[in-house]
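One chain, chain A, appears in both complexes that follow, with chain B as partner in the first and chain C in the second.
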Partner chain A sequence: MDLETVKERAGPRQFAPKDDMPEEYRKAATRMIQFHANSEVMGGYLEKPFIRQAPSIDRKLAFSAKVQDEIGHAQLLYRAAESLGVKTRDEMLDELARGEGKFLNCFHYPMESWHEVPMIAFFVDGAAMHRQATLKNTSWTPYAHAMDKVCFEEGFHVKHGESILSELMNGSKATQEKTQAAFETWWPRIIQFFGPTNDKSVHNDFAQEVGLKTKSNDELRDTFLDTYVPKAEKYGLVVPEYPRIEYDEELDTYHVNEDDLNWDEFWTIAKNASEGSHEQINSRSQAQAAVEWVRESMHSWEGASGAGTPQAAD
Partner chain B sequence: MIWEVFRQDKPGAYHKHCGNVHAPDRELALQFAAVQHGRRMKTHSLWVVPHDEIGEIDADETSFGGTTDKTYRWATSYTDIEPAAPEVAESEAEQADVEKSLEADS
Partner chain C sequence: MPATLNPEDLDAEQRAALEELLFRLADDEYVHGERLIEWQIYAPTLESDLALANVAQDEFGHARLWYDLLEELGHTEAELIWERPADEFRHATLVELPFAEGDWADVILRCYLYDAAERLRLDALVDTSYAPLADRVGKVLSEERYHLENAQSWLDRLAEGDSRDRVQDALDRLFPHALSLFAEPDHEEAIIDNGFRTMSTADLRIEWLETVIPYLESLGLDVPEPDEVERPSARGRDGTHTDHWDELAAEFRRTYEELEAPEPARIGRERV
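For the complex of A and B:
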């Protein structure tokens, strides 16, 4: 199929592995889905330490279930990416381990306290789900199928994240202040989740032309703000003055003033070149090494070489 | 001699225990089972098993686990939280459908 035909036919679930897709399409789809899969892995690893730090057994159970789900989502997505025939699942996992695989900006920052947890578990997951719901209509059918399953599970994640936020914001004054401080730190990153404005985005146009994306960065960011700004305020969080967010009465939507955001930081992160990028990639690599004995014992079960010395998992 | 009877209603479905028959041997047990347990309901196949051949272990003898409450895994459990966005509500509705069908099966 040539590119013109692809653009003509582009629509929800239009293309499948049986179709002969042009290289440009397959590469663009691989880049997008691999990024998504990598982000699921890195998000899971960022949240994993909080299984141990959860303040109650209920939170611990729910959080452990959630982290497990995220890693499962990564598996689904690597399979969907693999079906494009550009890279194998192993190649993509190796790229991630070598620090070459790209992933979501928010997962390049360390997360240190429980007060920060809802910033990921509610706002970032809410943003992710907002985007993923539109990807049920992506043109690459295996990707859309993965989104069906992912969105089915994400409802629990977002509600659980909101439940944590609600608990913290109904806590002591000190707890509320720490949560507000965490919110101020994370808020600009959360807005940058949706990437740069349309005119600065590198891959946006093509991805939309061939139906991989159905909504632009700007549309997604604005509608996210419409829902989540009132939610933040409902729990007593104060939206920081910067970046400036303006309510457009005519269009009944919020806009962010892009110039108030730190785009140098964003583009450094996009190259995996920030301090946090190295930290997150290395910490995953350490966790991988710590459970190497599990993989080895599974291999030896299947007939390969024996196991090494067990280490703590984190 | 008692024979336990398991009925399958369609190909590929599970054989479910449906009762027993008294019979001196397998041949008669199969005939009795067909008459007593196969006629009244749609039946595709019956398994007929000598009662003494069935092994049993119960909750008094061991702890089975498998009873962990996993309600935390469902969006529907967080009743004090209104879905933040339409896509969250949609996910919750899908989960509620599955919960309903699980309840209907049990």
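For the complex of A and C:
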């Protein structure tokens, strides 16, 4: 299929592995899905310590289920990315371990206290849900199928994140203040979650033309703000003065003043070059290197017996 | 014998015996789960990561079931988990030991030793006289069967070739701690006489040894002689623990303390 035909036919779940897709499409889709899969792994990495640190047994179970879900999502997404025939899953996992794989800006920052947990578990996950809901209509069918399952499970995660936020904002004055401080630190990062503004985005136009994305970064960010600014306020959080967020009465939508955001930091992170990127990538990478001997043994068992490796339950 | 006893039927001695049994069950599962989650995101492959995360999730779920039974007897979650002095936890030292980085042989062997014991212990509770326990054993047992299969299917492979030495190291290190699973409870006599458990701890130990030793030897491993093993001074069951335990307990209570002892949140269910 040539690129013109792809653009003409672009629409929800229009293309599947049986279609002969042009290289530009396959590369763009791989980049996007691999980024998404990497983000699931690195998001899980960031939240994992809070399984242990959760302050109730129910929250511990919910968090442990959540991190497990993220790994499951990564597995699904790498499979969807693999279906484009550009890279194998092992290649993508190697890239992530080597620090070449890209992932969401928010997962490059350390998360150190429970007050920060809802910033990821409610706002970032809420933003992810918001974006992923539109990706159910992506043109690459395996990706859309993955989104069906991911969105279903993420719904529970966001609800749990909201419940943590509500608990914290109903806690002592000190707890409320610490939560507000965490919110102020995370808020600009959350807004940048949606990526650069349309005019600065490198891949936006093409991805929309071929139906991989159905909404622009700006559209997603604005509609996210429409939902989440009122939610933040409902729990007693005060939206910081900067970045300025203006309400456009005519269009009935919020809009952020892009110049108030630190785009140098964003682009540094996008290159995996921030301090947090190094810290997070390296510690995971070190842990992965430490079990290289297991993977090597697995190859030799498979070679010897032709038997599969032990599988996950469920 | 059908399970006929309920919380209101228990006298003080029966209650103390039952609590000792439940604390061991709950604490073992809880602490084992705490260690297993360390592997999330760090396991050798996505599949093994999911499988182990699944096991950890089950263990936390089982711990919650057993702690719920203790709540039925009048304890609160805060007392049971968040404020109980660390030296009153009754888990075996096997489950509290940290992992060396990348030591997949340790986690697999530890799961095997533990799951084999857990299965026998649960089998001995199927016909318990305590009704709330009888109601829950079946579900837990069915999940534990899968844990044991997962551990064995890995062990069968790890014991081949170069990785066998790593399994042997783990076995030499863990076996003395595994023996502490079978320390006799203070209320052993009451536990048996009241039919809370239908097999004695001494018999469970024998059956466990008769299960794990032939299997491990069939993999070419040297199993230490149980009665000659040098035992660690910390025994777990009596509240003595290794130094790693205090550290772990402080970590899982960090948020609870930081938030100044909040009422532990329940999600989608009522307090007993």
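Quick notes on this one:
By our rule, the second predicted complex is superposed on the first by the 285 of 314 C-alpha atoms of A that agree within 3 Å, B and C clash if a C-alpha of one lies under 4 Å from a C-alpha of the other, contacts with A are read in each partner's own complex, and residues count from 1 in each chain.
The working rule: a residue touches a chain if its C-beta (ideal position, glycine included) is under 8 Å from a C-beta of that chain, and two chains touch if they have at least 3 such contacts.
Predicted, not measured: the structure shown is a model, and the values here were computed from it.
Touch criterion not met for A:E95: it reaches neither chain B nor chain C. By the document's definition of touching, both partners, chain B and chain C, reach A:L61. In the superposed model, A:V291 lies in contact with chain C only, and not with chain B.
Greater residue coverage of chain A by touch, when chain B is weighed against chain C, goes to C. When the two complexes are overlaid on their common chain A, residue A:E209 makes contact with neither chain B nor chain C. Applying the stated contact rule after C-alpha superposition, one finds that A:S113 touches chain C and leaves chain B untouched.
In the superposition on chain A, A:E219 contacts neither chain B nor chain C. Of the two partner chains placed by superposition, chain B and chain C are both touched by A:H160. When the two complexes are overlaid on their common chain A, residue A:E258 makes contact with neither chain B nor chain C. Residues 58, 61-62, 65, 160, 163 of chain A touch chain B in one complex and chain C in the other.
Those residues of chain A that touch chain B in the complex are listed here as 58, 61-62, 65, 122, 126, 129-130, 132-133, 151-156, 158-160, 162-163, 166, 227-228, 231. Across the interface of their complex, chain C is touched by residues 41, 44-45, 48, 50-62, 64-65, 67-68, 71-72, 74-75, 78, 93, 113-114, 160, 163, 167-168, 171-172, 175, 284, 286-291, 293-295, 297-298, 300-301, 304, 309-314 of chain A. Within the complex, the chain B residues that touch chain A are 70, 72-75, 78, 80-81, 83-92, 94-95. Taken together, the chain C residues at the contact with chain A in this complex read 33-34, 37, 40-51, 53-54, 56-57, 60-61, 63-64, 67, 77, 81-82, 101-102, 104, 146, 150, 153-154, 157-158, 160-163, 166, 251-252, 254-256, 258-260, 262, 264-269.
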